[in-house]
Amino acid sequence: MIEFNFLIPIEDTIFLFSAALLLISAVLVIELRSHVYAAFFLEMVGLANAVLFALQGLALIAIFQLVVYVGATVTFILFSVLMFKEAKPVKPRFKLLDLLIGAGIAGLLAVGAFSIYKVSPTAGKPSLDVTLPEKIVSEYGLALFLVFFTLLTTLIEALVLARREVSS
Amino acid sequence: MILIGNMEEFLRRAAKWLIEKKPIRDVRDWGIHFSLWPVHLTTACCGVEFAAVSDPKYDAERFGVLPFVGPRQTNFILIEGTLTRKMARAARLVYEQMPEPKFVIAMGACAIDGGIFWNSYNIVRAHEILPVEVFIPGCPPRPEAVIQAVMKLQKKIKRGDYYYGVERED
Amino acid sequence: MYDLINYLWETGLNLLFSPEIFEPLVFPGLIAAFSLLIVVIWLERKIAAIIQMRYGPYYISRHTEGALQLVADLLRFLFSEVIIPKSVDKIAYVLAPIILFAFTFLPIVVIPVSKDFAAIDHEYSLLIALALMTLYSSFLLIVSWASNNKFSFIGGLREGFLSLSYEIPLIISALSAAVLFDSFNLIEIVEKQAAMGWGIFYNPLAAIVFLVVIIYSTSRYPYEIAEAESEIVIGPFTEYTGILFGLGMGISYIKLYSMSLLYAVLFLGGWEPVVWPLNLHPVLPGIILFIKAFIIVAFSVFLRAVYPRYRIDQALRIAWWKLFTLAFLSLLFSYGIKIIEVMG
Amino acid sequence: MINPYLYLLISSVLFGIGVYGILSKRNMIRMLLSAEILFNSALLALVSFTSYTKNVYGYFLVFLAVGIAAAEVGVLVSLAILLYRRRGDIDVMEVDKLKG
């Protein structure tokens, strides 16, 4: 077995890459003209988010995000968007105000987060990740499955609702 | 040509130059001559005989002839009999949809010279609209004849005696 | 000078046989997958020919019963023209099949070859493999949309409907194996099977459901609905030509291969038993894993010759009623076995 | 080890992008996608807090949030489809004008 020595720490590289992917595809979701591309880039947002979760040491949440959010939900959005015709071009509105509001909220949040993190120092690696899967498998497995089942029935209900013919 | 900036044209010419080199060309010809996939286009009664070519008795799949679904994935078209003016347009359309190294066999007397409709106003000869490689006489030809034509076409491809990526006059 | 060459040779060999390089590149990655692709499509055509009392591919190489047929087809696809029709969305049309191929290929990397030889030895490696498998359908939807063709669009929508219905039995039946062996780590699962016995004997219900889901999700024959030849030309890949279509044809086989590897690890005991010549190097038990996966793949392609095709509503009904109920029952079954173990 | 503050910074920038999208678009599908971006940013913040404080309850909260988002998206998309079927248009500004 060989040790790989990278000049740049690989974790930082992955972090930078996925953060850039996250922000760029978030902008593309809003600005692209085609709905299908927008839904596709929403999927990219979910993927990059899952990578960020895994980087913070919470692999189970990353996997859950991949299976439920990217694999099912966003696919469902994509699947539905494919059925619409492409939207007509809407007449442009004055967007600078919206941009300013968005930037203001982002700045406020960033400042707030910074003030929170200034108070308490960082700590070591989380230890809860080791016991949790065993707990889920042994104690909460059936409960988790029932939650899944409920969510699934909601989804099916929604599908049935959408498929019903409109009588008019 | 790179300086002018026509990158696409340059790449195409470079790829073509590479493909026409001797060992690559031999490998390509070997691959193509055992992988002739015909498209389903039944214009007349010879289609029945062509169906028999792929059945258990004659089994054209021995030679790598696998009838496949759409014109985009196939490279070989058999004109099965009479081409009326209306059908000729369809045959030409299907031919245009196929990717480039593509081959045509005209099957039966009708496709060669009209057959029993030789003096009809509504007939198109296959070689008038498509570059035919091999003709099969007969009304209709037997499946063995079709297989022999396929083998002849294979020999022709193995020799490298076909056009590829060149504008043709016809 | 000699020392330098020796050093380079040893380092190169070490680098090649380190799991991070060897797994994605050689086995069970690219090279093994491509050779399996070539053998399996030939096998599919040959089995169909034998059942219909024909020869099948023969004259291309007479001594090996035409095993080179797929090499010839691959060469033809490689050298034929790639047509990009005018009405397609060009970026998605070219890039989507390539990304789809990459994402279909990813789950293979997680699967371990033997006890000491895994590219990613993570405690949730089973869940990672399942999560990567669920990304398949959305990229296929993009492929089908990009062609701007009615047949490929219908094929993509069918695949979307099917994927919503097969993902749930897939995940539940895999989870019931995880519950049975009390771990999400594929290496630990195989170790437990070496101690207890194969998973297929403990929980045959989950094994059956998983097998049906493999056939269902890779559009092998009774469920070949997304690429139904006689209804919609070839499904999502109708407009594709040349090497892009070759990729598209390979994708479902690669997916079949990766799911079969997972099946062999979960239910057929993985690389066990490790007998004498195989314990010399940690790569060698992979041969047994490959043989087990190959049997599953060969069985799934054999079904083409003997089964007709379901309609899409019949397939959806099977997935939502039968498969879903059976998967749920298999989960309960696993819990029952655990309870008996705890009690006794 | 990456500074945890960076995750919150990314999350807040993402939130800003989502707010801009919701405010500036009138198309219902596009607004739904923007809301999903907002959800992703909130999830990222939640996960980074969970990873920072190592609280097990945060874990379960994230699970619940993702699951509920799945159901919510299903309902919203089917509403959009119904609206499209009924009116042939998914412009939200047009919907509130014609009641019924």
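Things to note:
The first chain written gets the first letter, and so on, giving A, B, C and D; residue counts start at 1 in each chain.
Convention: a residue touches a chain if its C-beta (ideal position, glycine included) is under 8 Å from a C-beta of that chain, and two chains touch if they have at least 3 such contacts.
Please read all numbers here as calculations on a predicted model, not as lab measurements.
No other pair of chains has as many C-beta pairs in contact as A-D. Between the Cα centres of chain B and chain D there is a gap of 55 Å. Averaging C-alpha coordinates per chain places the centre of chain B 35 Å away from that of chain C. Computed centre separation for the pair chain A/chain C is 27 angstrom, with centres defined by C-alpha atoms.
If you average the Cα atoms of chain A and of chain B, the two centres end up 51 Å apart.
With touch defined as above, residues shared between interfaces to two or more other chains in chain A number as follows: 60, 72, 74, 76, 83. Contact with two or more other chains is made by no residue of chain D.
Viewed as a network of touching protein chains, the structure reduces to a simple linear path. Counting only pairs that meet the touch rule, the chains in contact are A-C, A-D, B-C. Residues 45, 49, 52-60, 66, 69, 71-76, 78-83, 229, 233-234, 238-242, 245 of chain C are the ones that touch chain B when the two sit in their complex.
Across the interface of their complex, chain A is touched by residues 14-15, 18, 20, 89, 92, 122-124, 127-128, 130-132, 134-135, 137-138, 141-142, 145, 153, 156-157, 160, 163-164, 167-168, 171-172, 178-179, 182, 184, 331, 335 of chain C. Interface residues of chain A facing chain D in the complex, by the touch rule stated above, are 11-12, 15, 19, 22-23, 26-27, 29-30, 35, 38-39, 42, 45-46, 49, 52-53, 55-58, 60-61, 64-65, 68-69, 72-74, 76-77, 80-81, 83-84, 87, 90, 93, 95, 97-99, 101-110, 113-114, 116-117, 122-123, 126-128, 132, 144, 147-148, 151, 154-155, 158-159, 161-162, 166, 168.
Taken together, the chain D residues at the contact with chain A in this complex read 1-21, 23-27, 29-30, 32-34, 36-37, 40, 43-45, 47-48, 50-52, 54-56, 59, 62-64, 66-71, 73-75, 77-78, 80-82, 84-86, 90-91. Here chain A touches chain C in the complex through residues 1-2, 4, 34, 36-37, 40, 43, 59-60, 63, 66-67, 70-72, 74-76, 78-79, 82-83, 133-134, 137-138, 141-142, 145, 152, going by the rule given at the top.
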